[in-house]
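Quick heads-up: structures coming right below.
First subunit A sits with subunit B, and in the next complex the same chain sits with subunit C.
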Partner chain A sequence: MFHWLEKNPFLFAVGVFIVIAFAGLIEIVPNFAEASRPVIGTKPYSTLELAGRQVYIKNSCNACHSQLIRPFKSETDRYGHYSLSGEYAYDRPFLWGSKRTGPDLHRVGNYRTTEWHENHMKDPKSIVPTTIMPGYPWMFTTNADIDTAYAEQLTVAQFFGVPYNKPVPMKDGSTTVVKMGKSIKEARELALEEAKKVAADMKDQDVKDAVARGEIPEIVALIAYLNSLK
Partner chain B sequence: MENRPLEYDYTVAKMFMLTTIILGIVGMAIGVFIAFELAFPGLNTVFGEGLAEYTNFSRLRPLHTDAVAFGFTVSGIFATWFYVGQRVLKVSMAESKFLMFIGKLQFWLYVIGVAAVVVSLFMGYTTSKEYAEFEWPIDIAIVVVWVLWGVSIFGLIGIRREKSLYISVWYYIATFLGVAMLYLFNNMEVPTMLATSPAGEGAIGDWMHSVSMYAGTNDALVQWWYGHNAVAFVFTVPIIAMIYYFLPKESGQAIYSYKLSLLSFWGLMFVYLWAGGHHLLFSTVPDWMQTMGSIFSVILILPSWGSAINMLLTMKGEWQQVAASPLIKFMVLASTFYMFSTLEGPIQAIKSVNAIAHFTDWIVGHVHDGTLGWVGFMIIAALYHMAPRVFKRELYSKSLMAAQFWIQTLGIVLYFTSMWIAGITQGMMWRAHDEFGNLAYSFIDTVDVLHPYYALRGTGGLLYLAGFFIFAYNIYKTWTSNKEVDAERLNASPMGA
Partner chain C sequence: MNKLYVWGIIITAAMLGATYVTVGYQKGGLNGDIVNMLAIAGAVALVIITVFVVIKYVRQMQTDTATGELADESWDNIGEYKNPVPMGWAIMFLGTMIWGMWYFTVGYPVNAYSQIGEYNEEVAEKNAQFEKKYANIKGEELVNMGESVYLVECVACHGLNADGNNEIDAADLNKRISAKSVKHVIEHGSNNNLLYQGSMMPDRNGLLNMATGQVITDKEIDAVSQYVADGLQNQNSEGAQVFANVCASCHGADGKGIEQVAPNIATWDEKLIVNVLDYGKKGAIGTMPVMDRLNAKQKEAVAVYVMSLNKGE
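And now, the complex of A and B:
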């Protein structure tokens, strides 16, 4: 029946390609414009938050923590309002995860504080005695990569039109502007300014000293990011 | 000249056999280690606080998945291609200096690529997308390796003597095309060094870093279209290519039904790609897509079982071989695990089941009965069949092979049963409410209860790894110390006691 095709490798390969490409075209393409539109109240990440997001990714936090609240009572009871597509409009990459070894973090900024994260990241057992999460103490002594975060902001602004330095609508009807530096120097200053606010709520003296010196440890950036998840 | 039988050249096949075994050990050992880290978290710092950054669960997890998928499995795919391809096309690699050069080049670039992956993942360079964690320079290297493999496939086909392409070749071609398409589209990313600041500064920050071309829900959609179909085109399609060649060869039986193989092949090609949406049930992707993913996952049972049944019926009337040969055992159990896992998957893709199963260890269990039982066993069987023919020696030990089979089978059973219980337990506890309508358990309650199952799972993995060491030893002894065989055995591989 198909013997002729099996003697013609070129046509065979073309046939296979059409058959496998078909589903992708129909499922993926139509959704593109629709899904990437932000909901009101969703704003781009600041330089420090983005640096924190890179720390999150570097350590594969997404291997154990999801950022996707499904529309079930048990999940909205535990984590807050179920996730909306537009809330992810500035997430490149998405960080939904596929395994919840630890709890979901999509709205962790609503119910955890800077101080909680500080203690928990240094030694999770001090907060949750039977936890299986390891500590991440090196984040207190390694500095965050602010320059790369700035490069990422520039990239998404230039290639994908992410609205930095532009008014973004908020839920209460007001607008807010997420600032992005005009140069590396200004970007570092903006990040440091934000880092000082986070460090003010922290206890670790070495971290406070580092920030006072103008350095930004990874933990400060990470907490800024986690606090932004609402 | 023309009257002599063809002398096939297995140089490249042997090279990839070596990486199959080495990367298999690396990937599985990391897997066992991180499995025990979940059971005994103290292991995260077992190499010292200073190294904890590189040895904790989260940093190692992508290394495990990538080492077994793109190290062990892809090496196995390449090794079998450079063996099977020549034989079913009736042409020797030695006949083309060009193809031999391309094959060796592919191998060395692959080795360099693997080294770059290992180093960069340890350092924390990752895009975070599962099974596509590599940053853009490595992506480019991977594309080059893949194109070289394409040159090998179509080059060998171009100079073939056997005009009709055997079923295995269909599946290898599909593997090549499928992975190429998926990998390219999922890894579309913009290196951040391309951006310039308003002040005119360029090449800012880390040159390895990149941003995904897709955002949020779209990114998830593309990623799971990729992630699911990477399972199709790395863990299913090429493994079927192997079993269609090695089972009839080793058993001396003809394939049960040509029509069934046609139906399964084209059915699998068409249906598989739709099913990716089942990874995103109850997420923010449109409902119709989720439903399509669910429905097509169930339909997927047909072509999957088509292949598996075709394999099992190939053994019709020859079942005594299953008892007699551990090599046949590996392949028959592989197709059985294939049936098992392709029934379990669609069940998990049903929305109401997925509501409980998603995000839990049941999914991890499902992946592993497929990979350990089907992929692992089939690649092991393929290498066992190839070894006497490429080394021209008798397989070192049949009894070691049988011991390996039973140890690994026990390991798999421990693995998936513990993960079933763990997954369903946790899924049910997450959703449990008490009589007042409040959540019955805090999150940590649902973690504490998993400890015994995590310990069992680690033990299952350890048994499988132990079996894999026996395999490596058996192949090594076959290669170095055993009796030479003059004439190649047509079917049942020669084995020492």
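And now, the complex of A and C:
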């Protein structure tokens, strides 16, 4: 009956591959689909936060900082609740990192503030005298790329159905809406509006002036992103 | 002598020689160190065993002739002997099957392990230990616990000496309140959940000076801010007058606050500090994050530690 298969070894190999791959798929895909669904309380990144995320990636923060809290008491005591896979639903790419030269940042928004980040990014040693983290002073003068962040937002909204402008359930039972501009002009305005809130808590006069002029320095976007990590 | 044995001896000698030379030129080399010597002995044994096992099977291939009773079946004229399964092999085969059943049903059942389950057990165990060990902690020990928590959780902003950090505007915990903060609260009002419920302090437009019947003035604000920041000590100052006429109705004549009405602004107290840890705070000196990951005992310890910092003054 299957004699023809034995006579076609290549076809046979392809058939074997398909059968084994199918077995793998039905084991992996359902679990994966369940685990990658966003958990309640995870919301998409706003334009400014996404721009900050790109600053984070650009400066390779993930080379020294992980964003993955493992379920060990020593970690959860220090960083907060262990990470859940659904919390990364809107992360593209993931920034889990593989090495902790610095501390984990997955929930840094819970226990550090705008003021802290501002001074720490400018001169880490002034806050933590023994740190080996370098300063990032240029972030205070370079402007963040809001347009690319908006492009990314549009892309993920269109291709992956990321729920912008839609109610997202939060932990306390309420819902929140993360706004995405309808045009690039509106996106810039939204980002600036958010940047003003961050800059209000900052002290650097140059940054405040820049935001008042309608510019968004990288540091403002980065702090917005770090504060969103909860 | 078979050519094969000659080659075996030549290869053995060559490999042993190479081992000797390689090890001899290494740092440390053949210095009689027991670990080095064991390693060399192992290498020698490996070389000899390998060579002679290879010779045995090559010889067997060269000379052996198969014997036994042929099975009836023939596949394209390729026959098969009806040799019994070797006993050792059969025992291992059956043993593996039995072990496999034990492994999946009794030893390590499928789905019996959960990483989160292990985490939960670990946390429950550690928390129980903590509860038991520190159930009756008090006095000096509690202060020490507070200091150790402080050095992990608080030091990043409030600094090693708890004197705050002007760079990031963390409060100086060596005193109750700074003049800057008093001024900010008077000017903007406050609702920082310092008393659990959201009892609002009005801003300056709601603060009447009972002596003059007017809203509090800039000059009075400066005076009372200084007075409160100095710990309400200087009773003859203008600030003391303002305090008595404006603030005392809610915060009490001594500034120690009134239950359910207004918080203590003369000294730190435990409830106040625990509330700040629970709810965070936002004022003239920036944002204090919520530190609700500390347990109740740790919050109490931090409170006692902060209060101990103020004892000397």
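Here, the second predicted complex is superposed on the first by the 198 of 230 C-alpha atoms of A that agree within 3 Å, B and C clash if a C-alpha of one lies under 4 Å from a C-alpha of the other, contacts with A are read in each partner's own complex, and residues count from 1 in each chain.
Here is the rule we go by: a residue touches a chain if its C-beta (ideal position, glycine included) is under 8 Å from a C-beta of that chain, and two chains touch if they have at least 3 such contacts.
Since the structure is predicted, the reported quantities are computational estimates derived from the model, not experimental observations.
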item	value
Subunit B versus subunit C as contact partner of A:A23, first or second or both or neither	first
Which of subunit B and subunit C A:E115 touches, first, second, both or neither	second
Touching partner for A:W96 - first (subunit B), second (subunit C), both, neither	first
Partner chain(s) touched by A:V128 [first = subunit B, second = subunit C, both, neither]	both
First, second, both or neither for A:D77, with subunit B first and subunit C second	both
First, second, both or neither for A:K166, with subunit B first and subunit C second	neither
Shared contact residues on subunit A - subunit B and subunit C	71-73, 77-78, 128
Contact footprint of subunit A on subunit C as seen in their complex	115-116, 118-119, 122-123, 126, 152-153, 156-157, 165, 167-169, 286-291, 293
Residues of subunit B touching subunit A in the complex	37-38, 41, 44-45, 49, 52-53, 56-59, 61-62, 124-130, 154, 157, 163-165, 170, 173-174, 177-178, 181, 185, 190, 192-199, 201, 204-206, 209, 211-212, 214-223, 225, 259, 262, 266, 269-270, 272-274, 276-277, 279, 282-286, 289, 292, 296, 355, 358-361, 363-364, 430-433, 438-439, 443-444, 447-448
In the complex, subunit A residues that touch subunit B	1-3, 6-7, 9, 12-13, 16-17, 19-24, 27-28, 31-32, 34-36, 54, 57-64, 66, 68, 70-75, 77-78, 83-103, 128, 130-138, 145, 147-152, 154-156, 158-160, 181-184, 186-187
Partner subunit C, residues of subunit A touching it in the complex	71-73, 76-78, 80, 82, 110-116, 118-120, 126-128, 201, 203
